[in-house]
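Each chain gets a letter, A, B, C and D, in the order it is written, and its residues are counted from 1.
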Amino acid sequence: MLRVGIIGATGYAGAELVRILAGHPHVELTTLTSRQYVSERFDAIYPALRGVVDMVCEAYNPDVICDKADFFFTALPHKLPMAYVPELLARDKRVVDLSADFRIKDAAVYEAHYQPHTAKDLLAQAVYGLTEIYREQIKAAVLIGNPGCYPTSVLLPLAPLLRADLIDGEHLVADSKSGVSGAGRAPSLGTHYCEVNESYRAYKVATHRHNPEMEQILTEQAQKPVPLVFVPHLVPMSRGMLSTIYAVVRPGVSAADIRACLHDFYKDAPCVRICPDGGVPDTRNVRGTNFCDIGWHLDEKRNRLILMAAIDNLVKGAAGQAVQNMNIMAGFDEIAGLDHVPYPV
Amino acid sequence: MLRVGIIGATGYAGAELVRILAGHPHVELTTLTSRQYVSERFDAIYPALRGVVDMVCEAYNPDVICDKADFFFTALPHKLPMAYVPELLARDKRVVDLSADFRIKDAAVYEAHYQPHTAKDLLAQAVYGLTEIYREQIKAAVLIGNPGCYPTSVLLPLAPLLRADLIDGEHLVADSKSGVSGAGRAPSLGTHYCEVNESYRAYKVATHRHNPEMEQILTEQAQKPVPLVFVPHLVPMSRGMLSTIYAVVRPGVSAADIRACLHDFYKDAPCVRICPDGGVPDTRNVRGTNFCDIGWHLDEKRNRLILMAAIDNLVKGAAGQAVQNMNIMAGFDEIAGLDHVPYPV
Amino acid sequence: MLRVGIIGATGYAGAELVRILAGHPHVELTTLTSRQYVSERFDAIYPALRGVVDMVCEAYNPDVICDKADFFFTALPHKLPMAYVPELLARDKRVVDLSADFRIKDAAVYEAHYQPHTAKDLLAQAVYGLTEIYREQIKAAVLIGNPGCYPTSVLLPLAPLLRADLIDGEHLVADSKSGVSGAGRAPSLGTHYCEVNESYRAYKVATHRHNPEMEQILTEQAQKPVPLVFVPHLVPMSRGMLSTIYAVVRPGVSAADIRACLHDFYKDAPCVRICPDGGVPDTRNVRGTNFCDIGWHLDEKRNRLILMAAIDNLVKGAAGQAVQNMNIMAGFDEIAGLDHVPYPV
Amino acid sequence: MLRVGIIGATGYAGAELVRILAGHPHVELTTLTSRQYVSERFDAIYPALRGVVDMVCEAYNPDVICDKADFFFTALPHKLPMAYVPELLARDKRVVDLSADFRIKDAAVYEAHYQPHTAKDLLAQAVYGLTEIYREQIKAAVLIGNPGCYPTSVLLPLAPLLRADLIDGEHLVADSKSGVSGAGRAPSLGTHYCEVNESYRAYKVATHRHNPEMEQILTEQAQKPVPLVFVPHLVPMSRGMLSTIYAVVRPGVSAADIRACLHDFYKDAPCVRICPDGGVPDTRNVRGTNFCDIGWHLDEKRNRLILMAAIDNLVKGAAGQAVQNMNIMAGFDEIAGLDHVPYPV
């Protein structure tokens, strides 16, 4: 059994890690840290898990927790992992970081959108944990920068088509929608029930921090600069994310080409499901699971490919993909602990 | 007092007409027809209106109802109005039709997306009831083809910019989202609570019937063919619609140009509110009202204008705009009966 | 026009007062105070009201605001009104207080459930503003203790039956359910979207502060001590409250007796609607309105009367009833400004 | 591996059985029947299960399906199981029936609330499948009448206290609330999204068919007639049920007595969790799980015990309890296949 610790276990992504790892066949959860709930039982904070997890939260102390665990997830607001991760790596631990701190290769880009980076030397060795695209690098990684939820939903459908040069890198638009849990557990006016219910709105229009993260990977996949117009929206639901993506297709590209490209690229990917022709992904169908469901429609009259990708923002968009990456790093079955059967309703 | 009848009063759009007209200062509701609820009290079907409306539904009989009313709203599924409207006009009544039957000027386009048209001779005289754009023609109209909800939310932000040639007619994308009431009151699996709740999905991807309706008007406004890529989505909420629209701006166009164009065009329009810079429209803010809130953001780095428009699909997207058109046709204050103060929460 | 000020205008109840009074035919809103948003436009806080209300929030200063207004609503957390109301009354203003500070006649009871009372001398003259029950006293009042939302929904159905001695004062149970707006606008974990959505739970079980408020009035109406078992619950919706009340009927009391009692008592009350036999009240039917819908069922086999009352917690449960009381105090039509036509859906 | 068939697999309870059994370690799903979807893939009806279940629905034919499976669940509307179950038992199969057909011992009571019973001879041998109460009888059963969702949530908290005579059998009130999935998958106006959202109402007030089912078991547990006043309500959420139950306590009974009774009774029950003192059950905490969470509060001032029980209506209230019963009948671990880790949010 791999001894695993979760640093920042009481936020939504951390708690989702607890949920998944509590049922993982090859993992023993040995330490949960929390800043807010030191010495409190985890199941007092999340009563859903009473009778399932009986651990007590502890403060972050690298010496103590590194005695207990060999693999760590850091589920913290960005900036904190920059301080913690070097301490963990120095003790020969492997880490999947769910924040933005190790996702962006160019420190200047990171610093333009976040804050000064204090662990730049780790950026080169960090692997971007978009599993289906970087599986080979992940196998050998000691540090994963786990992707953001929006990037996961936008990059998985686009990467194969850009690689195959079936779509133009110009005029890419991603109109994305997220459930409220993506905003985390800390109360705010923006996540107050009455302010979200019966409401639909965009936010951070073309200014969201996931935009450069996506452009970095798109550019890498296309091997030339790919600008992405990106607008996130908030949907009155707890979990789920859908990105609707608009791309101009290369001349002569047919629906059959699109279909073949997507099916071929993901034929061995257990967490990606390509919808049948005419089918559309629905956030409800991936709720609680590590699936990314991808649908597509070619608007031939207007020469535009419409891609749609649905994920659970807390699973494939955060904790699930993090565990998928751990599985690969540890040599486990890629979906160990992730074979949750989704609710039919 | 204008004597008004509603043909098809018990669907959601019809009932919303009843709601608005019950509080209209210059209107007397004199007849409500229903196919399903003949001889039943309206407030037995909609108990919310007990003590407010005490009318009984009757069957559609043109001779009977034309004795009672001088102005009619037809809130029926398309195809029925083609049969009824000629009978009403023949009796010198004026009509606002909320279906698609009289929106599309080219009968061939209509027939390609709906069914054979049996009242083609009326298409030329029907006025497209997008109030802020066709106000002058509406004044003299006897028959209004009231716009669909999606077209209203897409056309109001785009029309001024296309007219002013600030945006390119190419590469237009409208990613629209609707609350569930847009699907009407008839039960179906797609509107079953458990199938919508915690769900987000697209539908009729690039194949929705409102697409040609929008392209007709965009083309007319731009005076050249304007293709529109259009994807509607279903949001787990009852009322509200938001369209996010992506347009390429003409070289040299600045944020100041966009701002000035929108503010100037709508400076005398009581039902359109342009958001302050940086503000985003929210469906919650227009709930129950005839407002269309428009926000915009210029992504200068990627040369893309993002427009967002929020309406209540049942009000500005249906019944409210219909009443606004009636007000103009009858010489009333444009917002008579539409000065509903929105809920703060 | 009555010059009216709202002290605490930016909470949910205060904003609802703004909404209602903005459309009141005999009222001019002249001052809005806020602790949090001094010098900010009200419509920047509540964009729904852009174009409807163009006032700026000011700090509470009795000298300044008493120059501007003759009638005040205090929509503040309890404890603050105890300090403010004496200053307003001393300047010959009339006040409707929406907090608990002036609802409970016995200062000792108040202090046992809230905190020390610093304006006890006003308790005797304060009138409990349950309009339909205390209409006569309200006419002459200068200070109203406006009822809580739960008490309004529980007392309106029970008062007539207790007065008429049709039900036993023993074994009364009120199982009440509230939408989330009842918890106010301040963000908290308990009102975080993800913690409320798809959730149903009781809270403050048999320990809610509205319990003594209700027992005070029930006891007064029955003219003997009436204990009430009371459990509030939180419902995943923004607005609305339903109380289901269980009472043992007196021997020999029939359904006809119940029906006659309720219809007779409320025959001239414009804001109370008794459901037809077999009908049940639904929070949706009173949304945004000042109606209290009352339904009832006599379980003859088990000798129990079941009463159900639905209100909008922010309207008849707070701001609407406050305006209803103002109307009566000022000699206006009782429902002036309150004739909002409810949404059919 | 036990070969299992589900008769009526495409309703919500049937699909939930598929979800649970697809992950059951000792079960092989061998046949799914459907009346509506014969020859269709199950995952075309429930796309959430794509990649998880690849079976095709077939028509009910006892000869065919009895060749395939040795244990059956019937998840059908009542009346149909009366016809099917005798055919299955005649072929030496064991059956858990999720309808009401085999729950009520007294055929006259059944017929008064449902319809004529055509398999009365099986009533005596059918065991009421409230697992924690009838575990011993279930072990030897060949036919289980699986409890309704409301009865499960009401009986589990009451049974121990009635057996121990800590509460009075008089004045019992159960105020229950259900998510919408309890109404099934067939579309109707009552389950239309817009009719449920932002709505809260009672239904079948004191006339629900689960009432006699509950009184039968309460009477059996108390060994004297126990009337139960019962009012179900509909909550705007998909899954979840909470019953709030009011009971008069016997003289001298203390909080410690209640606590000890509940903890002792359920100390070996893996699916029942007694909340810590002051804790309240929340439907969210049991979502997707077979847990029944029970909370309680003694209102000493008013001599009333308040019990609250939360279940997932589709799991412990239907499919999960059915599988729990199968596990016991088959000699498996009681919670095999039911160790689903609940979502923290």
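Everything below uses one rule, namely that contacts are C-beta pairs under 8 Å (C-beta built on N, C-alpha and C of every residue); 3 or more make two chains touch, one makes a residue touch a chain.
Note that the structure is a prediction, hence the values are computed from the model and not measured.
The minimum number of touch steps linking chain A to chain D comes to 1. Ranking A-B and B-D by contacting C-beta pairs places A-B first. As a whole-number value, the distance joining the C-alpha centres of chain B and chain C reads 37 Å.
Chain A and chain B, compared by their mean Cα positions, are separated by 39 Å. Here the CA centre of chain B is 46 Å from the CA centre of chain D. Shared contact sites, meaning residues of chain C that touch two or more other chains, fall at 12, 181, 185, 194, 197-198, 236-239, 282, 284, 287, 345. By the touch criterion stated above, chain B contacts chain C in their complex at residues 12, 15-16, 18-20, 22-23, 46-52, 181, 185, 197-198, 238-239, 270, 273, 275, 279, 282, 284-288, 291, 293, 314, 339-345. Residues 171, 173, 175, 177, 179, 194-195, 197-203, 205-206, 227-229, 231, 233, 235-240, 242, 244, 246, 248, 280-284, 287, 295, 297, 299, 301-302, 304, 306, 308, 310, 345 of chain A touch chain B in their complex.
Taken together, the chain B residues at the contact with chain D in this complex read 12, 180-181, 185, 187-189, 191-194, 196-198, 236-238.
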